[in-house]
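First chain A sits with chain B, and in the next complex the same chain sits with chain C.
The block that comes next holds the complex of A and B.
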């Protein structure tokens, strides 16, 4: 520890800490632009120049390590003169178009200029004008406003691992841009909007809709993957205007995936269902809640005794899923499921295993080796992928057993040949078993290659390691077998075994037992049922969308709790009950680490739509079921936590080795096709990741 | 009398002085062989270089022996010796002629320097426009390699050394040593912030010593004749000979190798004196980044660090830009401002924005649209760049201009008041 004096205040600091961090810790303000705590030091804006005793010139606080006895003044005449000089230089070529700039009100340049700028510029020469770049459907550019801090460039290089932006040219004509005119395709691109201190990079979907000071901020939890990123929902007049990340060092740090940032657009989609609808003699009629619920209950009651299929999206809240399964079981149906993209359910015979990751999200950075089985993690769980990327930068070995080589943003070993995932994973598991003298009968006829042996050795030697099964594995025809092989590999390499939950609340769905204990699973239900009770689901959520759509159409009666009014839903539903979307309801998501993250309602649901948990509560009462007298989501949650489901020991799974390569049967899902909301977010739909054919790395 | 061509230019009058046989016939590579044979220890070499009192010839004038002693020869890991032949400073063209006339002195100097600091690899970064010198130097490397003086296990000494040439692409900023390193690494040429300095974090993140061409090319002679010999050629605070590039309004511009401390008058005479019988107005003594010295002071000064500092400027790289009495100093400043504006790397704010501001104000003054407050603004903006930037380019952009206003403010005022140059007849 060293002692530093800043503005007369003596502060203890670690030797080598940068001055700006020490000052920040002591709440001594130093203006800055290029500095960002999550990015490398550039020291190019020069705004943080401070007066250090013994140095003839002012030093940048962001790049000056503290030493013992250092005496610093951030507000001496010399320091202030330098800071004001830099401010004047930054403003001479800045357009000062704050009245028409989206950044206005949350602009770092504006804020700092309040303290360090002059009222009137004495620069009377022509100002620089820079051509705007087309950066794609998510980011709007106004490059004349750019102050060349290079935060966006460093983000791409250092965090997103995709060098999409760079500085070209010299002097005044140095420009930030994409090297060749191309859009910014990173799944994390929206973070550049947050990082940009000025209005050079702004959100295209949000642009020109609101002044930022008119917005109301609400804490929320992101609803499109199992990470449970912390967000702020910004609303105006009860309309969601945008979503931005909320800092949480343990989960999403300061980042947010594009999927979680831009999906809010669908809340305000044209095809929101805003009134309860019933089908009368083949004609759709808007009606009131009472009538619609009456029709729904009567219809379902008629079906009682027959096969009623109850399915929901895993992006539903824990409370919603709990109530829905309670109704299902109350009316005698065990046909309950959310796993619409799973094909192989053979493991169900032994029970259910709750997906999740025991290693804390933040500790994924500390892994020494990770095996991904059937996962394009970068698109499935972008935030987790960033953590894994950091681990690789520290030297971690990542091995991916996939049906094809994907375009990851870090170095890894991809095993993706014609032998197929089963054979490749078996080889690896065999090598580990041999190394540990394990005579696993499952692997009796498997031979490990030399590469397998090297990889197994690396896993065995790794202090911290994980074997994770991703979405591709979970929708594989040999899922149970892959799980068993992964379990064997994990056991013999002393690694954590993780089945990655993909959607926001898969863990919650397991907790509330939204699973078919003795009933039909999602795939069986998709072959046809007498009646359906659906929540937040569409045919497109199924591996075989055509088959699912047909099953819904053929059913005698379909009650559809949905936020969207689509032609397809009209064809197969009999009652459509409008429900709230994620920012419109209170509830709880259980994330990949099992963290129960509750959130409040940010805005009122659109039209007559209601929070689904409230709708289900009323339905429960109308069915005369006991225990549906909740007044708050907390009560529902308490009930859930009191009766958790048991988990299945994966090592005891039944599975036989197969020689067939079923990789080609896997139906890949593009990241922006994952749920009904993202499918309706127009800006996301304009990006390459909107479908598998154009997805970054999807076709390699 | 004025002594000439005692060091880097000693072979200039010989045919094909760039060939290895000519160099070797004149004692070339003898030192290198002694070094490899273990007859000259690194510590002894550093002592000789310190004794020679040679200061970095790239412009900063940092004592070379001291710089070398910063490197820990025995530390494990790769180290590099880098030669800065970017020579972008306006008015400087001395290193070009070292490549053309005596490339083997540079090769030998780099190999010795590499040996001293424990670097088994060297890079010579040559200015992009220097195609002919680049070819000659490449040829010199090949000759040295064929002669077995370069490569693996040189002359069975167990020592490896390899030399690479890197041709720049024309950016002035790549002459700044850390921008040069970035450029060699294949990145955008822009300076790194320091610390860390190259001696701890240099090329590819490894300890690196960067010296100027003339410095390195002087090493073989220093070691052949002894540090004392070199020191005695010069003056108290700077030993040896120095190459001066003389350009501008003289009859015979060119490079002149004379002793440190040679009177400016004598150097001007070697260059044939001021042209067209005119009088001297002023001189920029060390390249475009140094302050202008008016004639009366210039004619009294000697060509060494201290004497030029007394005259109010800096020896820099020894690049004399001579201006006669008809020179419009405002246009000179405008020309230099344009250069710095164009060559700023654009990385840090004061230089990126400030150099353009200076240039545009000067443009306007020359256009006859100057305002009285412009002159104060030029000084003020210069002051706001100075010291607030990452590297020396921003500072350099203000030095000649500020000195010009100090010495010739009336010429600027004439533009502002009359809308034309003091030399324009009305």
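The block that comes next holds the complex of A and C.
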């Protein structure tokens, strides 16, 4: 520890810490543009100049390490004069078009100029103008406003792992851009909007819709993947205007995936269902809640005793899923499931295994070796992928066993040849078993290659290692076998075994037992049922959408709790009950680490839509079921708070080795097709990640 | 990404590989500048986007990382040049020593502006930033040679003597 004096205040700091961090810790303000705590030091804007005793020239606080006895002034005449000069310099070519700039009101340049700028410019010459670039559907550019801090460039290089922006040209001709016409395609691109201190990079969907000071901020939890990123929902007049990340060091740091950032567009989609609807003699009629619920209950009551299928999206809240399964079981149906993209359910015979990751999200950075089995993690769980990327930068070895090689944004070993995932994973497991002298019968006829041996060795020698099964494995025809092989590999290499939950609340769905203990699973239900009770699901959520759609159509009665109206839903539903989307309801998501994260309602549901938990509460009462007298989501949650996750001995699943390669049967899902909301977010739909072909092939 | 050109082969590839070998294996990017120079030479004195993409792919770096370098330094050309390309220093020392007036005389003599090539394909002019020869300001670079302490007379004589 060393002692530094800043503006007369003595502060203890670690030797080598940068002055700006030390000052920030002591809440002594220093203006800055290029500095960002999550990015490397560029020291190119010079806004942070301070006066250090003994130094003839003012020094940049962001790039000056503290030493013992250092005496610093951030507000001496010399410091202030330098800061003002830099400010004047930065404003020379800046257009000063704040009244028409989207960043106005939350602009770092505006704020700093208030403190350090002069009210009149001495510059009378013509300002330079930089042409705007088309950077794709998510980011709007006004490059004349750019102050060349290079935060966006460094973000691409250092965090997103995909350098798309650069600084081309030199001196007066320097420009930030892609140089050739090209959209910014990173699945994390929206973060550049937050990072840009000025209005050069702004959000295209949000642009020109409101001024930032008219917005109300609400804390929330992102609703599209199992990370549970912390967000702020910004609303105006009860309408969601945008979503931005909220800092949480343990989960999403300061970042947010584009999926979680831009999905809000669908909240305001044209095709929201805003009134309860019933089908009368084949005609759709809008009605009031009472009538609609009456029709729904009567229809379902008639079906009681027959096969009623109850399915929901895994992006539903824990409370919603709990109440829905409670109704299902109350009316005697055990056909309850959310796993609409799984095809191999053979492991269910042994019970259910709650997916999850025991290693804290932040500690994924500390892994020495990781095996991904059937996962394009970058698109499945972008935030987790960032953590894993950091681990690789520190030297971690990552191996991916996949049906094909993907464009990851870090160095890894991809095993994706024609032998198929099963054979390739078996080889790896065999090498590990051999190394440990384990005579695993499953692997009796498997031989390990030299590469397998090297890889197994690396896993065995790793202090921290994880074997994780991703979305592709979970929708594989040999899912149980892959799980069993992965379990064997994990056991013999002393690695954590993780089945990754993909959607926002798969863990919660498991905790409330939204699963078919003695009933039909999602795939069986998709073959046909007498009646369906659906929540937040569409045919497109199923591996075989056509089959599912047909099953819904053929069913005698379908009650559909849905936020969206669609031609397709009208064809197969009998009652459509309009429900709230994520920012419109209170609830709880349980994330990949098992953290129960509750959130409040940010805006009122659209039209007559109601929070699904309230709808289910009324339905429970109308069915005369006991225990549906809740007044708050907390009471629902309290009922399941003690539910524990269940684990299975995955190494003992009933699965035999197969020689067939079933990889080609896997139906991959693009990240922006994962749920009803993202499918309706127009901006996301214009990006390469909106369909599998461009997700896999369209990027560099 | 697969590029549209295929210039890095044979002797050119060998020369670039010699440079790559100078750096640690995981730092092929360090050979960006020599690779640009070698490819530019082979392409008759200028670069194209496709050629830069090919270099990027060969070095295993994002294309934009190559564009950054290639647009920063004055010695890479992004338009065809004359047989003798004149890099005219546009920075402060040369400016103070009459560089700008002298360039005006040069433009008049050759009948072209910066960025253009004379009709006979002999000369082209390009404005560049400080070439690190401020002590000899005003100066310019013609081909690979520096010419310092220029006067109109001296400059025209040099040009007249060139083939």
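In this section, the second predicted complex is superposed on the first by the 689 of 700 C-alpha atoms of A that agree within 3 Å, B and C clash if a C-alpha of one lies under 4 Å from a C-alpha of the other, contacts with A are read in each partner's own complex, and residues count from 1 in each chain.
Operating definition for what follows: contacts are C-beta pairs under 8 Å (C-beta built on N, C-alpha and C of every residue); 3 or more make two chains touch, one makes a residue touch a chain.
Predicted, not measured: the structure shown is a model, and the values here were computed from it.
*Asks:* For the three-chain model obtained by superposing on chain A, do chain B and chain C clash or fit?
*Replies:* Aligned on chain A, chain C clashes with chain B.
*Asks:* Regarding the shared-chain residue A:132, is it in contact with chain B (first), chain C (second), both, or neither?
*Replies:* neither
*Asks:* More residues of chain A are touched by which partner: chain B or chain C?
*Replies:* After superposing on chain A, more of chain A is contacted by B.
*Asks:* Which partner does A:214 reach: the first (chain B), the second (chain C), both, or neither?
*Replies:* neither
*Asks:* Would you check which partner chain A:417 touches, where first means chain B only, second means chain C only, and both and neither mean what they say?
*Replies:* neither
*Asks:* State whether A:86 touches chain B only (first), chain C only (second), both chains, or neither.
*Replies:* first
*Asks:* Contact-wise, after the overlay, does A:118 reach chain B, chain C, both or neither (first, second, both, neither)?
*Replies:* Neither partner.
*Asks:* In the overlay, answer first, second, both or neither for which of chain B and chain C A:167 touches.
*Replies:* Both chain B and chain C are touched by A:167.
*Asks:* State whether A:179 touches chain B only (first), chain C only (second), both chains, or neither.
*Replies:* Second partner only, chain C.
*Asks:* Which holds for A:147: it touches chain B only (first), chain C only (second), both, or neither?
*Replies:* first
*Asks:* In the overlay, one of 42-50, 78-86 or 132-140 from chain C clashes with chain B and the rest don't. Which one?
*Replies:* The overlap with chain B comes from chain C residues 132-140.
*Asks:* Can you list the residues of chain A that meet both chain B and chain C?
*Replies:* Dual-contact residues (chain A): 166-171.
*Asks:* Would you pull the chain A residues touching chain B in the complex into a rising list?
*Replies:* Interface residues on the chain A side: 41, 43-47, 49, 56-58, 60, 63, 65, 82, 85-86, 88-90, 92-93, 122-123, 125-126, 128, 147-148, 166-174.
*Asks:* Where on chain C does chain A make contact in their complex?
*Replies:* Touch residues, chain C against chain A: 1, 49, 62-65, 67-68, 71-73, 129.
*Asks:* In the complex, go through chain B and note every residue touching chain A.
*Replies:* The contact residues of chain B facing chain A are 171, 173, 188, 193, 195, 341-350, 352-357, 360-361, 364, 377, 384-385, 387-390.
*Asks:* For the complex, which residues does chain A have touching chain C?
*Replies:* Listed in rising order, the residues of chain A that touch chain C are 162-171, 178-180, 700.
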